[in-house]
Structure formats: structure tokens, C-alpha cells
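Presented sequentially are two complexes of chain A, the first with chain B as partner and the second with chain C.
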Partner chain A sequence: MKARGWLYLIAATLLAAPWVLPGYALEVAIQVLILALFATAFNLVFAETGLLSFGHAAFFGVGAYTSALLMQRASWPYLLTLPAAVGTAAALALLIGFFSVRTSRIYFTMLTLAFAQLVWAVVHKWYAFTGGDNGVTGLQPGQLWSDPHALYYLALLLTVVTFLLAVRLHLAPFGYALRAIRDNQARAEAVGLSPFGYLLAAFTLSGALAGAAGFLQVAWQRSAFPDFLYWTKSAEVIIATILGGAQSILGPSLGSLVFVELGAFVQSHTEYWPLVLGLVLLGLVLFLPRGLAGLGGARAGD
Partner chain B sequence: MDIGFLLLQFLTGLAYASSLFLLAVGLSLIFGALGIVNFAHGSFYMLGAYLLYWVVRGNPEGLWWGMLLVVALGLVIGALVERLLMRPVYGRPEHYQILLTYALLLVIEDGVKLLFGPAYKSLGPPAALAYPVWIAGAPFPAYYFVQIALALLVAGLLWFFLQRTRTGALVRAATLDREMLEALGVNVPKLLTAVFALGVALATLGGAATLPMQTVSPGIAVEAVISAFIVVVVGGLGSVWGALLGAFLIGEIQAFGVLILPDFAIAFVYLLMVVVLLVRPWGLLGRPPAVRT
Partner chain C sequence: MKRWTIVLALATLVGSYALAAEPIKIGALYMLSGNFANYGSASKEGVQLAVEEINANGGVLGRPIEVTFADHGSPDQAVREAKRLILENKVNFLFGIDSSSVSLAVAPVANEYKVPLIVTHAATPRLTEMCLPYVFRTSNNARMDSWAAAAFAAKQPYKRWANIGPDYEFGRVSWEDFITRLKELKPDVEVVSEQWPKFGSSDYSSYITALMRAKPEAVFSSLWGGDFVSFGKQAIPFGFFKTIRFYVNPTGGALQALEPLGKNTPEGMLVSARYWFLYPETEANKAFVKKFHDKFGDYPSYNAGEAYEGMKMLAAAIEKAGSIDPDAVKAAFEAGGGLKYQALEGLKWMRPADHQVFEDLVWGYTKNTDKYPFAILEPIVVVPAKDTIYPTKCSK
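Then we have the complex of A and B:
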């Protein structure tokens, strides 16, 4: 089995990476995993429902802040803040989704953007609670999670779980229902599917998983900043997803790998990384409309 | 709180609204006619400020002809961008257009850094306007009146152009039904180039006009584009009057919000955007999307 061989190879590479990569490269690898988790979560909504959320940074950021504030103010151990981070992100996604998923296309994008910016504005200015634009810094996630090896495996575990969940949902009736709604809402309703419930469930799940990515970011950076919630962070996850190819199940992870590694490489040579990224994206949109995954011609999962 | 103070605050809001209008009205025009959400719009605004600084070589007295030159440059840049980059993505899903314009945002931001350096740039108002006007016993920058007048002038000219000229009528028609326009023998691609160029020129003018009162850095682009989105979403995507109303509301909410809850004035603005999107998604003065059969 050729496919199984590849799978073993990828699994072995991912498991062996921390023992092969030098310190800095391992830090970058953790960042790849965090973005891959975030992008896979984002794509649950984008690929399956066709709705482009421009507000996912809010869930990422609220997950991060939940974890950071619980550690700083209530001295919770790092790992215990995971359910809390996922929970608050899910609650926020449920709230925003409740208002947003009824709207369509550009209005959905604008509404998620507006909600996320509203949350950003509050986090950015609420000095008494969130530390305002100073962020929450100097966090101590404990001895174990300060070791990049341990953090790598934690990130790998969460990313793989999210990935398997995304594959499972894609193949489950739930995924079929979402795609039916995406392709023709009126027809989906006619056969008895309730778009609102399905879309809200997908949006909430996606937001909750984005919160897990924020939780990981806190241990990696030992701080949380309002920038985690700013709209450019939402743009970043969209870029990584489309760069890899939103229609492929591996696309978001592949895009995250390229995005982070290319970024680390370019930044070690020049400060003009945004310029390089901008030019890469222009080339991508104009010449490679289906993302990197489109190069192989395969559409996994379809 | 006396009435003079409130008047002063109102005028400050109005000055802010004026630059918001110049920034946002082009975004609205472009969305209306081309259907493209232009994330690079704030970058053209930022570029306009830098271009003005460049053409007048840091001399405030060159402001007037400098602004004219910036508008001309904006038209050329806009036309080139539309021809080379936008045209291939018409009719493609929205996320490609968003990605493309976001890429443009990144390129312009770093391009400006490369060309002009990362330092902040500032340019005072011309000597004739570099004094405060005393209103109710408090100083108010005279240049703000120039900004307000400029916004009103542009609004008037746009009204004349869109309502009273043949080309303007075609632009309005393009926001309604591009295919029909094409079928009637109108050169739609050329028209879209013109609209995009006009929108970009307005943004560069807006940026140039704020330079005498504000220092600029390449980073203002990402803030500006979000402000522009708020204005056009509140006023109505594709509507010029909506942009005027939206800019007025946002400017005044900022000016008075600062008095009530200084830290959260910006949150009020986002809240207004959320509420408008929920209650009237097409904006206060926008047109509900036509139901196509």
C-alpha cells in the first residue's frame, strides 16, 4: 500500500522531529503545528460551509487570554487551562455564530470581522483585566512545558486530534449536510436539513479548536497580546489555508508549514518578509488558483 | 459641559469624519461597481500621504499643487493595478480577491518602507493655515476647516459626476447589472478601470489631506482599511451618500465617545457596525440585494 507507506513516513518524521531539529528549528516547528491546528479549525467552516470567517483571531485570542489569565491570576497549572480556553472560545463562537451564520457571503465575512474587532477593542483597552496593549507577559507554564520537546508533542497531539476530527466530520453525515447546505441552501432545506443548526454547530466547533491553538501559543510565547485578536491574525490563517489549498484536507497544514517555514527562512535574511509574502501571494492568486495542494492534482477526501 | 465645548467636539468629529469620507467613498465605489472588497484601500490612503511628502519634498507650502499631483498619481496607480492585478480575478470566488488585495497591502506597506524608510513622516499645514481659530475660547486648528471643505467639495463633485454625467450613469448602472451593460454595448472593462482608478485616487487624496495634521507611518494602512470598512458597512456598501453618513456617524461617535468612556470609544464604533449588520446588513443607505431568479 503506497498511501500507507507515506502515512508511516509522515508519522515517523513528525515523531522524530524534536530529536533531530536544533533548538531554533524546533521552536519554528511548534509554530507550524500551532498554525496548522488553527488553519484546520478555520477550514472546518470555510471548506465545508463556504462561509469565509474574518473573525477567527477572536477565538484564537480568547483561548490564549483565558489560559494566560488563569495562569497569572489564579495560578492554574498550564494543562488545566486547556478545557477552559476551549470552553470560552466555544462560548464566544456560539454567541458570534448565533448572530452571524444566518447572514450570507460578504455580510458573514464583515459581521465576523466586526465582532472580532469588537472583542479586540475590549481586550486592547481593558487594562484592569487584560493588561491592555501591554498584554499578559512573564508567564511560567511550569518546568515540563518550558521544555520545547514536551510542548512540541503536546502541539502535535492536539493538531493530530483536530486533523482526525476534521477528516471524520468530512466523511460523516454531518459533513455531507454542511456541503449540501453550502452547495444549495434551498434544496438542503427542502430535504429537511436546518441550515442554522448545522452551521452554528460547525462554527462553534471551529471556534473551540481555534481556542486550543491560542492555548498552545501562550506556552510557546509565554505571553498573550491583543495582536492575537487583531484582524491581521485572521488574515494570516486565511492565507495559510488558501496557500495550502482549502479544498484539500491536508491543505491547511501544508499551507501552515510553508507559511511559517518560509517566514522563518526569509526573516533570517531580510526584514522585508511581508513584501516577499505579498509577492508570493500575488503569484499564487494569479497563477496557482487551487493552492499548493492543487499542484498534485489530487483532491483528497472528494 | 457648556455648549461651546460641545461645538468644539462636534467640529473635531466633523474633521475626522471628513478624512474618513475621502478614505471610504472610494472603497464603496469600487465595491459597488467591481464587487471587490479591497483590503489594500487603506494602503492607497497611506501611500497618498507618502506621495504628498515626496512631491513637495517636505515643504508645507506645496500642499495645494502637491495634492493635485497626488490625485493624478493615484489615478495612474489605480488604473495600472486594476489592469494588471484585478482584472484576472473578476468572477473568481471572493476569497481570491481578498487574498489578492491583502497581498497588495503587504507589498505596498513594505514597498513604502523600502522607498521612504521606516521613519514617521510629518508635514505641518501651510503657514497661512498654521494658526488656531478660537472657538468658544478654545483653540481649533484652522486646517480642519480645509479638510471639512474638501470632503464637502468631493461629495458635491461625486454627486454631479454620478447623477448628471453619462459616464456617471454608466457607473451606477454597473453597480446594478454589469452583464446587461455589456450587452448594451458599453465598454465595461474600461469603465471598471476608470472606477477603480477614481477610487484609488480618492483614497490617496484622503491620505494626502490628513498629512498636515497627522504623522504617518506605513502601519496606518491596516487601521485605515478597517475604518473604511466600518464606514461603508454602516452607510451601505456601494453607496456614496452612505459613505458620507457613515463617516459622519463614526467621526462623531469617536469624538463624543471619548468624553463618555475614553478607552472604549473605538469599541462603540465596532458595536455600531455589528448592530447595523444585524438589523440592516446592506447598510443604512444601501440597497437590499436584488433577488435573482
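Then we have the complex of A and C:
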């Protein structure tokens, strides 16, 4: 009953936010939702399978570029580019995953990083198609989606869907299988689970959802840049997830909230923001090893 | 009844005075952190000095200027900061921008909110070729630098040309514009080598030897900032500058590049500075340099000069418009064949179609002297604005 009360409160806050928040705060709130979606997607692989992907920026970026290029070159309406963005991100994740999920731990991390940097280099250099380092600029996602209110609700919808999907997956046999593989691959295989198939499926789903986050970023920013695919973007989502607590289902969202708000606040006050941000994050990681979610003692599956 | 009228009149007067004294808000985005923070902080100093002078003289339209500085970071951070300045600080104008990709990201956003953006450093020709109604650039762009370099190159007897530039848009476009223009002016030139080190490279030895193997007579280079410094330091021991006859670099006249090279700077390189603190030798320019040096302890680099002049030119446009309404300011920039503003370095003319400023470009040959701890430009050569006026696809 108590949990349900909290749930209603959070839902009401999220729904009412655009009517309460002043202009800029709403813009930042959309950024929080986008990162929350991205981080929750990333954590599908990280928490459930224990594999740390350092290449999720590739899926985020490819989703963004798919949406941006379809709008710019083929004049597709913004919303229609969503399935395309998710689809291309999924296809890329399937490809990268096919080669990566067989490897374990550090090799997986390095391989995903290498693949993502490869995709970044292609986007960065292919002037004729992606615009190279000029990016894709001057996009107008239509009258409706240029309005921050509409974009906020779209971002909220996609984030909530992803969140519910993550919860559902966690509780489903699929989630149990992933955790079994994570905890002891040899035993999981002994009981008849095929790790490759499960891991690839989780990785592809996670990549596809990251593509949806990229799709939202394009509407918010009105442009797409190679920075979206750079390793620093992958680092961002890792930091947000760890900050919030990877072991909690709410952790990545909580981490995103703090990461984005903190970044926006500190950058507007000092040019030494990378230093301040670094120190704050260092402190949080040192003193809250289970992330912010660890404060409440909430654990996944509780 | 009569008393009320007086009170009302007084209230209106006070009211209008308060309104008139309300500051004009400008949000300035510069690269204030990271590897190129020395460019951003120089620009910031230029803006600070300009605003101080404007406000000391009673402001613009009787209103003081109030500048909020922000660090632009990467394109997505810059868009967020621009939105903050527009939505939270309620700025009337956006100003500045060092990085080309950031300028391309911020321009459409500023345009959408109808907050005029005045760019003082980012040099990609693409920015003004977007033809956005509320975007202006008060400094010259990379294409004009390349055309100016080509104008010099065409007068030289050298036919064997080579390039070394950073491997991204700026380097590629600079070379393409340069060589296309040079071939128009002097059809018998040939390209013997093109070297594309990664932007931000630290090791240039393989590129230097490759260049020297091709035996060019003349080299065009768009390496800038730290790249220019590293390349220069490494090329000297190879004897690079002794084997080639002519070296031209459209960004080499930056103090951020010449100061770190110090007395080791190879002499006789033809470099551009956009603004060079020793030119022209007018009282006004000398006074500006002195004031800048007294205040910040350094000479104004080209982008400090351009930021200073950009702010003054914006103030002139607002004054001419008689209001800060975006459409009025736009009209002031465009009216009468484009705003002409007398800057320290010469006349700046705003082309109405694409909102790009054209001006005489200051170039010079590097020379070490006893007076300064870094190389200066001597002799100075000036490319007249008319040699850099390229066609635009924008129409008014």
C-alpha cells in the first residue's frame, strides 16, 4: 500500500511537471528523461548479464542519425522515424553483439568500445552521407514535436515503456536465465541454457531501446552530431547508471536525474565544471558504492 | 484632478526611465574549458573590454549591456546552454562561439527562438550558407582566408604545391577552397602531396618526411592551435622550412600559436591573423592594445580583437535600429546595402544576403625581433576585401 502511494505520487509529479516547470527547467527535464531511457536500456545488459558495454553510444547515435537523416533527406514525419531508428539500432546491436557476446568481461568491454569507435569514425568521415563532423543540422520535427510539452510527454511515454519492459524482463524467465548465465555460465549451460542466444537477445533489445533515446535527442537538439557516438557518450550512460545504482531497477533513472541536473547546474556556475563534476561523482561513488538507490535500501526484485 | 495628472505624468516618466535603464542582455558562449580554453578566454576578455567601454559611454540606447558568459563544450552541451541563456536568463542576443560544429548546432536553435546570434570566431563557411535570418558573423570565415591565400599564391612563381591540414571539415574545406581558387587564378599549378594528420595529433614526423619526399616548392597548411605548434617544433629539426620556398597558413597568426613557439618560430612563413595587434598603426589601435595589455597582462590575440569588434558592431546595429527588437536589428544590419562599421582593423561590411562580414584581411611574414618574446608579422601584407568576396547561395 505504501509502495503504491509512492508510485501515484511519482506518476502525478511526472505528469504535472511540464505545467509547473519554467521553460528551461522543462528542457532539462526532457534531457533527464532521454538519459534515463538510455541508462535503463544500457542496464538491461549491465545488471542482468553482468557485461559492461562500452559501446552503447553507437546505438544511441545510430538511432539519432537514422531519425535525423530520414527527416532531412526523405522528409519523413518525425514520429514515423521512431520505428526506423529503433530498427537500425537493433540491427547494429545484433551485428556487434554477434561478435561481442561470445567474449567475456573485459574482452566484451573492449570489443564493444572498438566497434562503437569504428561506427563513430564512419559517421565522422562520411561527408556525403552523414555530413561528417558538420553533423545533420537545422531539423524541424514538425509543429507539434518542436513544442517542449509534447516532446516531454513523448519522452516520458518512451521512458516509462522501457522501464516497464525492464521490470517485466527482470521478473520473466528470460531475466532469470540471464542472471543464471551471469552468476555461473558453466552451470547455466549444464541445465541446458544457451548463453549466446540469451545474451544476444538482451544486447539487441538494449541497443534498440538506446536507439529510441537517440531518436528523442534529435528532436530536442534539432541536430545530430558525431559526438553522439563517441566513447564519452558511452561513459556518460555508465556513470549515470553506476551513480544511481545498477542493481536497482530505478537506479539508472535516479542517476540520470542527478547527472543531468548536476551537470546543468554546475556548468552554468563555473567554467571549471568538469573538475567540480568529477569531484562530486568521485565522492558519490566512494561513499555510496551501491549508488543513490542504495540509500533507500531498495534492491531489484524486492 | 490636475494633481492626478501630474502624478500620472511623473509616474510615466519614472516608469519610462526605469524601462530605458533596463540592461540589454547578451549571452556569450565561448570555449572556456578543455584544450582550447585559451582561445575562449581571450575572446571573453575582448568582450569584457568592449562592454566596459560601451557602458562607460552611457550604454546603447541609454541602456547598459549586461553579458552572461557560458562555456559551450560539445554541440549538445552548447545547445543546452543556449537554451538556458534564452529561456532562463532571457537574453536578447546570443554572441561568440569558437567551434565550428557548435556554431552549426546553436545557430538553428537561436534562429528558432528569434534571438539573434552574432558569431565572432567559428569560421566554417557553412554557417552563413545556412541563410538563417537571425544569424550573423562579424569576423571573416575560412573560405575568405583560403581565397586570400590563393591570391598570394597566384603571384608566386611556384607550381608544385602540397597540403598538410587537420583531417576534419575545416582542414578539408580550407584546402579545397584554396586549391580550387588557385587553379582558377593560375591554371598551371600541380598538387604533389596531401597530408591529413588527425586533429590534435602529437606526432607529425611521418607527415613531415612524406611532404619532403614529394619535393613541393610551396606548402599550404591549415594546422592551427596546438597542432600548428607541434608541427612547427617537429618540422624545424627536419629542415622542413629550409627545403620549401613558401609556406602559407591562414590561421598561423594567432598569438595562441606564436607565443608557445617563441623564438623558435621559423621566419618567413606567410600567415593570417584576422586581427593583428600591431596593425594598423593608428592611435585608436595602439590605445586599444595598451588598454587590453594593462587590463589582462597580454596582447589581444586575433579572436580577442574580433570579439571586441563584434560587440562594438552589434552595439552599432542596435543603435541604428533604435530598439532591440530582433527584426529591427536584422533590418539595421541589412539596410542600405549592409551595415558598414569602422573597426580598428578597417571597414567591416555586412553582406545583406548571407549576413557575412567582409573586410580587408591582414597577413604577414613571421619574423623574430628583440621587442617581443614571440615572432611578429613583418612585413604586413593586406588582402583587400574585394579579393575575398565569394558568391553566396543565400538571397535577400
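Simple rule for what comes next: the second predicted complex is superposed on the first by the 300 of 302 C-alpha atoms of A that agree within 3 Å, B and C clash if a C-alpha of one lies under 4 Å from a C-alpha of the other, contacts with A are read in each partner's own complex, and residues count from 1 in each chain.
Please note the rule applied: a residue touches a chain if its C-beta (ideal position, glycine included) is under 8 Å from a C-beta of that chain, and two chains touch if they have at least 3 such contacts.
Predicted model, so just to flag it, every value in this text is computed and none were measured.
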item	value
Three-chain arrangement built on chain A, chain B and chain C clash or fit	clash
Chain B versus chain C as contact partner of A:Gln221, first or second or both or neither	second
Which of chain B and chain C A:Leu281 touches, first, second, both or neither	first
Partner chain in contact with A:Gly23 - chain B first, chain C second, else both or neither	second
Touched partner set for A:Leu113, first chain B, second chain C, both or neither	first
First, second, both or neither for A:Tyr272, with chain B first and chain C second	both
Residues of chain A touched, compared between chain B and chain C (which is higher)	B
Which of chain B and chain C A:Arg105 touches, first, second, both or neither	first
Touched partner set for A:Ile239, first chain B, second chain C, both or neither	first
Contacts of A:Val122 with chain B and chain C, given as first, second, both or neither	first
Stretch of chain B, among 77-85, 131-139, 167-175 or 185-193, that runs into chain C once the two complexes are superposed	131-139
Set intersection of chain A contacts, chain C complex versus chain B complex	127, 272, 274
Chain B residues touching chain A - in the complex, by the definition given at the top	37, 39, 85, 88-89, 92, 94-96, 98-100, 102-107, 109-111, 113-114, 222, 226, 229-230, 233, 237, 263-264, 266-267, 270-271, 273-274, 277-278, 281-282
Residues of chain A that touch chain C when the two form their complex	22-24, 27-28, 31, 124, 127, 132-135, 137-139, 146, 217, 220-223, 225, 227-228, 263-264, 267-268, 271-274
Chain B contact footprint on chain A (complex, rising order)	46, 52, 99, 103, 105-107, 109-111, 113-115, 117-118, 121-122, 125-127, 231-232, 235, 238-239, 242, 246, 272, 274-275, 277-282, 284-286, 289
Parts of chain C lying in touch with chain A, wherever the complex brings them together	32-34, 37, 69-71, 73-77, 79-81, 83-84, 87-88, 100-101, 104-105, 107-109, 112, 124, 126, 130, 132, 168-169, 172
